[in-house]
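The structures considered in this document are given below.
Paired with subunit B in one complex and with subunit C in the other, subunit A is shared by the two complexes that follow.
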Partner chain A sequence: MNPALTSQHIPSLKEHFDWLFSYVPFVANHSHLFGAILLLVVALIVLLGVATYVMAGVYLERKIAAHIQDRVGPFRVGWHGILQLLVDGVKLALKEDLCPAAADKPLYVIALGVVLCSAFATFVVMPFSWAFTVADMDIGVLYVVSIGTGVLVGVVMAGWGSNNKWSLLGAMRSVAVVISYEIPIGLCLIVVTMLIGSLSTQRIVLSQAPYLMLSEAGRWIVNPEVSNWGMAHWFAFRYPPFLLIAASCFFVAALAESNRTPFDLQEAESELVAGFHTEYSGLRWAYFMLAEYADMLILSMLSTTLFWGGWLPLQCMNFHTPDAFVFWGMVLVLIGYLAWLWTRWYIPMGEWMLIFVQAAIIGVLALLLYFLPSVTWFILKALAHVFVMIWLRWTLPRPRIDQLMYLCWKVLIPIGFANFLLVGFWHVYFP
Partner chain B sequence: MSQSINQVLEFSPLKTDGMTINMGPQHPSTHGVLRLIVTTDGEFIESVEPVVGYLHRCKEKIGENVTYAQFMPYTDRLDYLAGMNNNWAWAMAVEKLAGIKVPERAEYIRVIMGELNRIASHLVAIGTYGLDLGAWSPLVYAFNEREKIMDLFEKTCGARLTYNYYRFGGVSKDLPDEFREECGKLLAGFDSFLDEIDTLLSENYIFIKRTANVGVFSAKLALDYGLTGPNLRASGVPRDLRRVAPYSIYDRLQFDVIVGHGTKGILGDCWDRYDCRIKEMRQSARIVRQCLKDLPEGEIKTKLPAVFRPPKGHVFFAAENPKGELGFYIVSDGSTKPARLHIRGPSFHSVSILPAVSHGVMIADLVAILGSIDIVLGEVDR
Partner chain C sequence: MQYIRDVWLGLKTCLLGMGITIRHLFVEKNITQFYPEEKPKLPTRFRGVLHCDIEKCGGCSLCARACPVGCITMATEGKGKDRWVTQYDIDLSKCMWCELCVEACPDSKRSLVMTREYEISVYNQEDLVLHFGRGPKPKDVPSADVLPDPACVAADRATS
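Moving on, here comes the complex of A and B:
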């Protein structure tokens, strides 16, 4: 824990920008105008980035599912089917836009907007890197949770507006599940916010890096005095095992919250056809999928921020301390072993050549690991969460609605609450 | 569990009007064009009324208008997942009517094909059952194994689904040369495949929670509704025609009749029916191994006259199919065509039990029960 961080001023994106352009008089004189443009540009980058991710996410899901199931997945369009999603997008866009005759048209149409807006609005506070946050609000985490719940409103509107009994059942389940699972999510969040006394996402990330300090110029730099283990300071590993339990509970609750198998009862295809979006087709259906994948990413990012070090790298930041030496030794051995396996499996070549190739792979990977920008770390960690979600989806059957409720009210909430109390006692009495 | 909730609902002042939902004929988990008129109270089901007939193709009437041999391909389309077994039942019914003897080698080939098809049918049953409960991957693994069996069938008779392989007094073609080796390879890996399915489904915590104690058929209920096959045996009734009324060479083969024991819950629940199929596949593999070992050389077909006219009379014959007992009742007037024909399809009887066990369960349970009785609509409607 770095107590200084909780009180220090964290420079915002705007301040970084001002600092960067303070020597360009025209920009500096119209700081407000350029600040607004900057915000718009950043928001656009996030929006487009997430939209692109969703396409990549669908591709990933299909490929991972295929490999889990002994298939190859999309393979025809582009290299390893990489353009499949574009083609699918075109197909969906060309489909007839159907609206059932008996549907409540305004509700049916607006529902989609509500779902999409609330899903995308939450990306505003995500700390992509030390400088790259659209807005670092003081209420960051609370904002994500409350705006994210807006998706539920859209789902209920879609379920009711479609005038389809299966959709209505899906929406009913959605209300029950999402409202219940807000509680364990909240209980897991509150542990972290209690420890650092802030809801700001940037502060949560920075609290997991006691080796960082603010330079004169307002940049985050590594304090060479502080010996550290990098990831040992992430919240998931603090107060062991309590925060790891909190992280696990959060992940399970996030699965239910984002409608993912094994908890995808809202759209369980074998029971409710397609749940609340049964009556949606073409592009409207595609937007629902977009929102679902965005939802999955939001909760992954939130989990990354809270428990897994946000944009902080896996390793410690300086080479000069002995623990860094041990850490890098372990990383090199691991990478070397993987490279050895890989080259043995896929590339037939002579022994000497093999050694050179391995050395090259080790070198490049190690360099990459060290020089990866923080935004990459953040996205990689979120994608690791997404991968686990996909993995679970293609492995497990789904429980019944009453069993899901049992898990929430009788397992996750008591655990979350006990966890919260125990961490609180530990924090206060054995700081 | 569901019973107690139902009691609470009955005495609760909050009880509201029921909602009638059409489940099917287009619904992902009705396994074909079955329609269920479901009355629900929230998530709980008050009544279920199956409506059948969407796939009715007048099979029995067709049977009276074609010759005995011409009806053989039509039987493929009854339970289209077990074409071999349907062929076999029809062939044996006609053979019983006309008193035709089948050569030894043909009997062995018939058992091999029938048991392989039983495995293929059960593989689809457990694969789609996983799908009904939300687990996708076991389906693909099951179809992987089934594919190998289909390949064997294709090499033997040229078809992959509707075989038309059996003939009165034998089978149409002999086994190909490589059959013994490839079938042996398939059987060698089959037990480890079933072990894998056990880890993915049978012993999976969520799977057990979804299937144990759900949709319990007591032995009496199952018998009252005329259930046969794994659905009946899972309720603890050891009735297997291959054992109680042995036909073909089953009296010479070693196999166990699998019955349910209520391992994970009450006897006769969905888990028992599922497990019955898994264990039956192991027994079928055991039977095929024995047949491959003892397969004699010789004729594969008895010579019959060009125009086949069975004697006057009537006959009923039932065979143990993957879904249950498939029976043919034939009335012959001595001509080339049956005078009357009736088919007893096991799936038709299985689906009739739904209303009796669906009161008070949840919608998700109805899907679990429907999946566990493993119906094929081609056989329900005929």
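Moving on, here comes the complex of A and C:
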């Protein structure tokens, strides 16, 4: 894959810090202490960033839901209801914090901590940019999957600790679905990790950019000797169409994994008792919501890292390489699909103009984004995943539990497994 | 084979549905009315709150009899042209906006009409009762046809 990866050492965040500290006399002598402080700051940034994302995510979800249903959504507080995200938080903070009399109080309280900690701990290995990975572990992807499963423990604790049979049933539903969907997630992960032989998230991203090499200053620069196929190197476009199928399967499984509609049978707010967090109110409930949205973001980030090039920018590429043909073929198929979709409805000329104007605005924004640093690319790609998740939520109805299990055991797992085998054969016999 | 068809159908319908929702997200106009700021366009024959122009009312109580739910309470004094409507109450909490009372109102009077007003929320049920009556008939005021002609009165004052 990337020739630089086999021989060269990828600098970690701590090494970047040490390099920074070496210029400051007092700090250089106490680099361990200051490194720890800086790591705390980084942790705080991630924590606050995720909290902000959750508030904005809730607002965006309400707005997108409203516009899909031809409504306008929150509109009263601030410009287009933008202050709603603060108002929601204040409302939840002011609510009474209830605890059932018969609840197992320690378990009831700790459950929240377990859910939150395991949700936030996964951000440690996320490759936000070429330099910003809090810890680039060798077992990165495995770490995300296993620590992420800690949420389940918290869910069961919450369900059991509430001492409410409906909460416990909700927790059981949650566990049943998430554990089933761990398998297709694993099968899609393993295809990528098999191809590059590493679980480190930073290495996975860099494998999607073989045209990059490490300069003497420790920065990633473009290697002129390797042909730059750009986005065609992203794992979603490799071994077509197998890895695109793997990416799609991963996305569907991630939807179920993060308890999102259409697979939110755990909560099913319109049909059932709300699931494991029935007995939680006020800020505690808000933290469960935060963990749920963070879960969504984690899986989006994982999908971005594995299949959609991580922090690498969207970029143009040479048109004459075989992979580029495949990539542009896929783009053409997508455009054809969209065109076919549009022609199914009569759209007046004025609305076509509206679409063109929107496309032009998006194009200009994309051009601007080209100059933004890699953190933005990573976050934007993850948010694009989140957008599709929200979009799907307001499109599809909820399946029955047996249909949910059918999708997992009879569709995603066989397809994921066949994918795995076929990519393996291709990789070994036609490298 | 059926399996492949099912999977394909699931994928296809899912994408179709997503096409519909994205169209609604970006293309379709919102239908929300910002109600208190932006009033809805009422139909031509909109039936709003009842209003009685008591000056024109002859007190025939045809409206009260026409009302199927009995929401109009009337009381009058006097006879013929002197009939004085002391009480004319319309209980909007009973009214069902059928407009039968307005149709019953004689063409020569046309005192009872339905306005285009519809914002009638109140805090107490009693506030929904509209009072149009003129109260008890003043004793000392002679009826209109007994009074002298105002022009003659003015002329008399000028000469004396």
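Everything that follows uses one rule, which is that the second predicted complex is superposed on the first by the 369 of 431 C-alpha atoms of A that agree within 3 Å, B and C clash if a C-alpha of one lies under 4 Å from a C-alpha of the other, contacts with A are read in each partner's own complex, and residues count from 1 in each chain.
Here, a contact is a pair of C-beta atoms (placed from the backbone, for glycine too) under 8 Å apart; a residue touches a chain by one contact, two chains touch by 3 or more.
Just so you know, these numbers come straight off a predicted model, no measurement behind them.
S.K.: Taking the superposition on A as described, I'd like to know which of subunit B and subunit C A:Met289 touches: first, second, both or neither.
M.R.: neither
S.K.: Contact-wise, after the overlay, does A:Val87 reach subunit B, subunit C, both or neither (first, second, both, neither)?
M.R.: Neither partner.
S.K.: According to the stated criteria, A:Val109 is in contact with first (subunit B), second (subunit C), both, or neither; which is it?
M.R.: neither
S.K.: So, A:Val411: does it touch subunit B (first), subunit C (second), both, or neither?
M.R.: Second partner only.
S.K.: Contacts for A:Asp264 in the overlay, against subunit B (first) and subunit C (second): which applies, first, second, both or neither?
M.R.: first
S.K.: After lining up the shared chain so the two structures overlap, which partner does A:Ile64 touch, if you call subunit B first and subunit C second: first, second, both or neither?
M.R.: Only subunit C; A:Ile64 stays clear of subunit B.
S.K.: Just to be sure I read the superposition right, which of the two partners does A:Trp166 touch: subunit B = first, subunit C = second, or both, or neither?
M.R.: Touch partner of A:Trp166: subunit B, not subunit C.
S.K.: Pick one for A:Trp391: touches subunit B only (first), subunit C only (second), both, or neither.
M.R.: Once the two structures are laid over each other on A, A:Trp391 reaches subunit C alone.
S.K.: For A:Arg400, select first, second, both or neither according to whether it touches subunit B, subunit C, the two together, or no partner.
M.R.: After superposition on chain A, A:Arg400 lies in contact with subunit B alone.
S.K.: Across the two complexes, find the residues of subunit A that touch subunit B and also touch subunit C.
M.R.: Residues common to the subunit A contacts of subunit C and of subunit B are 68-71, 394-396, listed in rising order.
S.K.: Show me the residue ranges of subunit B that touch subunit A in the complex, using the header's touch definition.
M.R.: Residues in contact with subunit A: 1, 5, 19, 21, 27-29, 42-43, 130-137, 140-141, 144, 200-201, 204, 206-207, 209-210, 362-365, 367.
S.K.: Give every residue of subunit A touching subunit C within the complex, in rising order.
M.R.: 64, 67-72, 75, 337-338, 341, 344-345, 347, 351, 354-355, 358, 391-392, 394-396, 410-411
S.K.: Taking the complex as given, what residues does subunit C use to touch subunit A?
M.R.: My answer: residues 3, 7, 10, 14-32, 34.
S.K.: Can you list the subunit A residues touching subunit B in their complex?
M.R.: Those in contact with subunit B are residues 65, 68-71, 165-166, 169, 172-173, 261-262, 264-265, 268-273, 393-403.
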